[in-house]
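One chain, subunit A, links the two complexes that follow: it is found with subunit B in the first and with subunit C in the second.
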Partner chain A sequence: MEMPTRIQKPRKPIYPYFYLLPGLTAILFSIIIPGAMTIYYAFTNYSLRHLQDWGWIGWENFEKIFVGSNRGEFLGVFSWNMQWALISTIGSALVGLILAMLLNNKRVVERNFYRVLLILPWALPSTITILTWKGLFNSSFGPINRMLGSIGIAAIPWLSNSTWARATCLLVNIWIGYPFMMSAFLGGLQSIPEELYDACQVDGANGWQAFRHITLPMLRSIVLPLLVSGFAMNFGNFGVIYLLTEGGPFKSPSVLAGATDLLSTYMYKVAFGATNFDYGLASANGLLIFLIVGSLTLINLSMTGAFQEVKE
Partner chain B sequence: MSHSPSVRLKKKTRIFLSINLTRLLLIITCMVVLFPIIWMATASISKGSSLFSSTIIPKNITLKNYINLFEKTKFIKWIRNSAIVTLCGSLLALLETTTMAYAFSRFRFKGKKNGLMILILLQMLPATVTIVALYKLAVFIQLQNTFLGLILIYAGTTIPFNAWLMRGYFDSIPFEIEESAYLDGANHWQAFTKIAFPLCLPMIVVVFLFNMISFYNDYYLASIILSGNDRYTVALGMRFFTQPYAENWPMFAAASILACLPIVVIFYSLQRYLVQGLTKGALKG
Partner chain C sequence: MFTKSQWLRLAIISVLIMGLVAGCTNKEEVKTTEEAQVEQKEPATLNVWILDRVGTDAMAAVSDVIQAWAAETGNTVNITEGNQFEMLNNIPVAIPAGEGPDVFMTVNNYVGGHYLGGLIVPIQDSFTDADSYIPGALDAFTVDGQLLGVPVAADVNALVYNKAKVAEAPATMQELISVSKELTKGDEYGLLYQIDSFWYSYPFFSAHGGYIFKWTGSGWDTSDLGLNTSEGIAGLQYIRDMVTVENLMPADTTWEVMNAYFTEGKSAMIITSPTMIPSFKEAGIEVGVAPIPTIEGVGTPKPFATYTGFSVSAYSKYQEEAIDLVQYIGANSGKPLYEANSGNIPVYSSVLNDSALSSDVELAAWMSQLANSDPLPNIDAMNYVWTPVTTAFQTVVHGEANAATALAEAQELILQSLQGITQ
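After this line comes the complex of A and B, so read on.
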């Protein structure tokens, strides 16, 4: 029997696209078009001075950032941004790990009570708690300095001295960030079979050895993705710094980049701050943030096997 | 195995010590961590004059600060605005995401693989980066300083992450139930709305509430879209009425307690799902 030369292919139905349509439209208008606009703006002189007659200026904004007038500001902000993300991530991971290990002690019968209290900083809306911290840390009339004063300690410039301000911001950020890490680590710890520790004890290993040879290796699969995604998230953080210090304290002559400014807060002020409204420069900054945060996310996604999932 | 009594005793004391040391460390950490929260709660019910006193136990309990908050600020209006924006934003996000996630999970169509890949890659682009463009776009389509503008941005920017999360959940539901519905003559829309959607409801609720929490907490996007005291959400309003700190502190404390309440209730009633879902979600990307 001769096969027909042309098998009529079943036409793929179009109804799946109707399911996709609402989401795709929203993505188009809120992510893709703004993304394209950001790339375009980054190469223009769109700003308060050129609100009507703005146009293409090539790499000028990037030159300003890397070699020109904004170099000092940018490099200062960038290096603090790196330190900020690194210390915040490692700090909250460490606090989270230690607390998770304490909470994993099954002999402490009321441990769930502590866990519920300890995740409170995550449960509260951070915008509100950051503003609260700002008041508590106020140098002249904040309760913390008042309290220190009552036991004879001189007022600490929590938010008004560059070094102190950085430390305070980190402290608040770790306070916000550790419950997430703690929960993830606790989940990881609880998945380690008890028998491993029993065997370890029979072999006469001490607590540190059990930690090094059982806990850490068993947690390894979650530690790295946690740290990378934490780093990416902290790197792009805005709220903690903007609401606590607005990037300050400031050193003259720069009015835009303060001691605690991150790329995101710096960019926000370049775009919407009272002086410049330099949309082009801000967009160029945005692209740089995207390159850094994006590549970190990419690393994380390939580590956690998201791409494999798609290929299947 | 038989140990001598002294060894057994030593072991017992060691366990006793380790339990109570753990307990002590946990209690101390709780106290340190909860300090600002306790402080706010106390400040909110203290008499005006003791606003910055250094005691943590209030001497005179009063509700004056709460009354002032309602009478002298637009707090209720901010709460109302936040409720509108977060509820509508989360509902819209749900509408856009569930259908999309379902299509990616169940249907075959051209461009599916590339579409999924793009979905993952779009997660890399935080709204932080495109803020200037979002602002200009909102101005251009005349949605600047409208709730609709903010709602559209909220719903749109969260789709990639949500859709990815939900597609995974749909994937975990066995297809057989829908298959038998198809055999009974149901069409794809019925299979989706009558079977898959109800089965996926726990996840949908979690995503919905998680979106609500993050929209409620947003300062960044709201600050560029909304302006004017009457338009503020809670996050914006709280920032601007703290300006003369010393005077407004007790009122601010009262406001922050009230502003935190709805979120805390949502978080704790769903904490098992939220904590599990999010920590796993983050680890799976």
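After this line comes the complex of A and C, so read on.
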């Protein structure tokens, strides 16, 4: 009889890499090289002033962002950016959840009709809807203030007062963001077996208890990844602010940032505002945003366990 | 680790990759020798970029002018059309990489930056046509005494009025304000424009003697700011008074509101650029154009003007031909550009003598406003001006700050930022 051969460690074959080569090449050229170049440029003075003689300048770009000629505007913008991302994400999730539960109620006969209406903000091109909101919210000419005026409410400075402008921007962003959350929740709600609710009724639970102990836990695995990625997406939002307020209204003393400027619109002004092309500074800003979003996402993921595989 | 056949595969792949890399470098070598040969031959091949800024029809018109030059001189021209912002964003990257144009359409506020970056060349030494341009047009392309481009069209704001409501344009601002007050009632306005905007309200600021940077005759003096001066403060107060004292219009009138109200016939006079005129006419408004009237006892309002023109790349191998081409475009494209799109105000003075245009009263009005205008500073220091000055204008017009404090703060911030970038 032969000696039982030792179980060989399975060899790592090379050919899978060969099959992966096209994909890996694409990743190399579209993600790894540009990413590495951004990190490199962040430490250089590559800009319109130094197109030929650009070189390594160490941490100077980061100094400029935190203390230098931009006078620490970054921190103010950053704190508003955090509030913006948090409120937008939670707000659109809440609105989405409430609407999804209403639509999921079988006693609402015409719910398909409502569903179409409610999904519209998602279906319409946001460039157009944002500009429409801008017109609606104008405090002297906008229909919203005219309507309020006709019932005796004084004109609200929707976009011209910095606190109101922030609230208005959030409102518009939540309006744009809720249909996605709503559809996701609706899918989640429909996958919860009816029997659970029947059993729960038999046990004498009230509506809130059913929501708290059945609906919420069952939705958890759907909601958490959405919240985490929604936060990351809202954090880097550009279009809403750029189109709605262009970062304004402006308050003294501001060198570049207005009251509603987010990091992305601020970075755009720093790097490409007017005719200033400061690629180095823009890369430094981009790197910072990447680090912030990246680390916040990591923290979110580990705290919520959103993307953990379900253990058997 | 690897079996024999796997090593073989790896070897084949690496040979393939090396071949690919080698192939690339070979190609480049071949290209440069080809280029060297071309250089010895006489007819040049120029790459020209033109921008949608002038309008689609006008892009075709200027292409015809460029091709006419090519036919006359026997050179070849390759024209690329594109979006203004995309193309101008590509210039600083494409030109040093050798993929840029020899000649490109540009806007005067870009030339300062392009010159700093060594992207474009001064052309005054071989420029023979300087007297043919209206005053100010060439200044707009001048930085440190160097002429960096040839203007082909201008854009400026002037007074646009509805003839059904105001038969004649007012001769003075005093008259304009009293006419405007009579017409303002309910949801109708006499004068209506984006009054809290630095861009649109600048004419009244400049009429009082306010300015951003001092023009020295050959360039901008960035250490001499004209915001926090008694003239500048008086200018901003005048603008605020139109809202708070004369009640002509709400402080937060936007550009969209202005256009909508003028199109619906609900405002008699607006301050705008020639681009919007065709759509007003389409809506059935009887449009009149006039220079912004002078403020009696104070001065003449001077709006900002921006100029579209052509610059020559510093990396072009055909400098002589390129400069010849931009001069040719400057001298020949004024009329076709204007005829294709009336937003392009000609800057070549003989164009107005053309029989087809000499009776064009609107054009005459735009050009007389252009004669009373300040070129938008063409240096990159402007990047640090917009936000502080916008802040000052917005807060003062909205009644949140007084003019003296707001302008002092703005000036201080701008000077601080400029110290930061010029090190």
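In this section, the second predicted complex is superposed on the first by the 241 of 312 C-alpha atoms of A that agree within 3 Å, B and C clash if a C-alpha of one lies under 4 Å from a C-alpha of the other, contacts with A are read in each partner's own complex, and residues count from 1 in each chain.
Basically, contacts are C-beta pairs under 8 Å (C-beta built on N, C-alpha and C of every residue); 3 or more make two chains touch, one makes a residue touch a chain.
This is a predicted model, so every value here is computed, not measured.
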item: Touched partner set for A:Ser229, first subunit B, second subunit C, both or neither; value: first
item: Broader residue contact with subunit A after superposition on the shared chain, subunit B or subunit C; value: B
item: Which superposed partner A:Gly35 touches (first subunit B, second subunit C, both, neither); value: first
item: First, second, both or neither for A:Leu48, with subunit B first and subunit C second; value: second
item: First, second, both or neither for A:Tyr15, with subunit B first and subunit C second; value: both
item: Partner chain(s) touched by A:Phe272 [first = subunit B, second = subunit C, both, neither]; value: both
item: First (subunit B), second (subunit C), both or neither touched by A:Ser139; value: second
item: Touching partner for A:Gly248 - first (subunit B), second (subunit C), both, neither; value: second
item: First (subunit B), second (subunit C), both or neither touched by A:Leu94; value: neither
item: Which of subunit B and subunit C A:Gly258 touches, first, second, both or neither; value: second
item: Shared contact residues on subunit A - subunit B and subunit C; value: 12-13, 15, 134-135, 138, 141, 272
item: Contact footprint of subunit A on subunit B as seen in their complex; value: 15, 18-19, 22-23, 25-27, 29-30, 33-34, 36-37, 39-40, 43, 52-54, 92, 95-97, 99-100, 102-103, 107-110, 113, 115-117, 120, 122-126, 128-137, 152-153, 155-157, 159-160, 163-164, 188, 192, 213, 216-220, 224, 234-235, 238-239, 242, 245-246, 249, 252-253, 256, 259-260, 263-264, 267-268, 271, 275-276, 278-280, 282-285
item: Complex interface listing, subunit A residues touching subunit C; value: 11-15, 18, 21, 48-52, 64, 68-71, 134-135, 138-141, 157, 159-160, 248-258, 269, 272-277
item: In the complex with subunit B, residue positions of subunit A that touch it; value: 12-13, 15-17, 19-20, 22-24, 26-27, 29-35, 37-38, 41, 99, 102-103, 105, 107-108, 111, 114, 116-129, 131-136, 138, 141-143, 146-147, 149-150, 175, 180, 183-184, 187, 222, 225-226, 229, 236, 238-239, 242-243, 264, 267-268, 271-272, 279, 282-283, 286-287, 289-290, 293-294, 297-298, 300-301, 303-307, 310-311
item: Residue numbers on subunit C that touch subunit A, as the complex places them; value: 1-3, 6, 9-10, 13, 89, 92, 96, 109-110, 112-114, 116-119, 250-254, 256-257, 380, 382-384, 386-388, 390-392, 394-395, 398, 401, 406, 409-410, 412-413, 416-417, 419-421
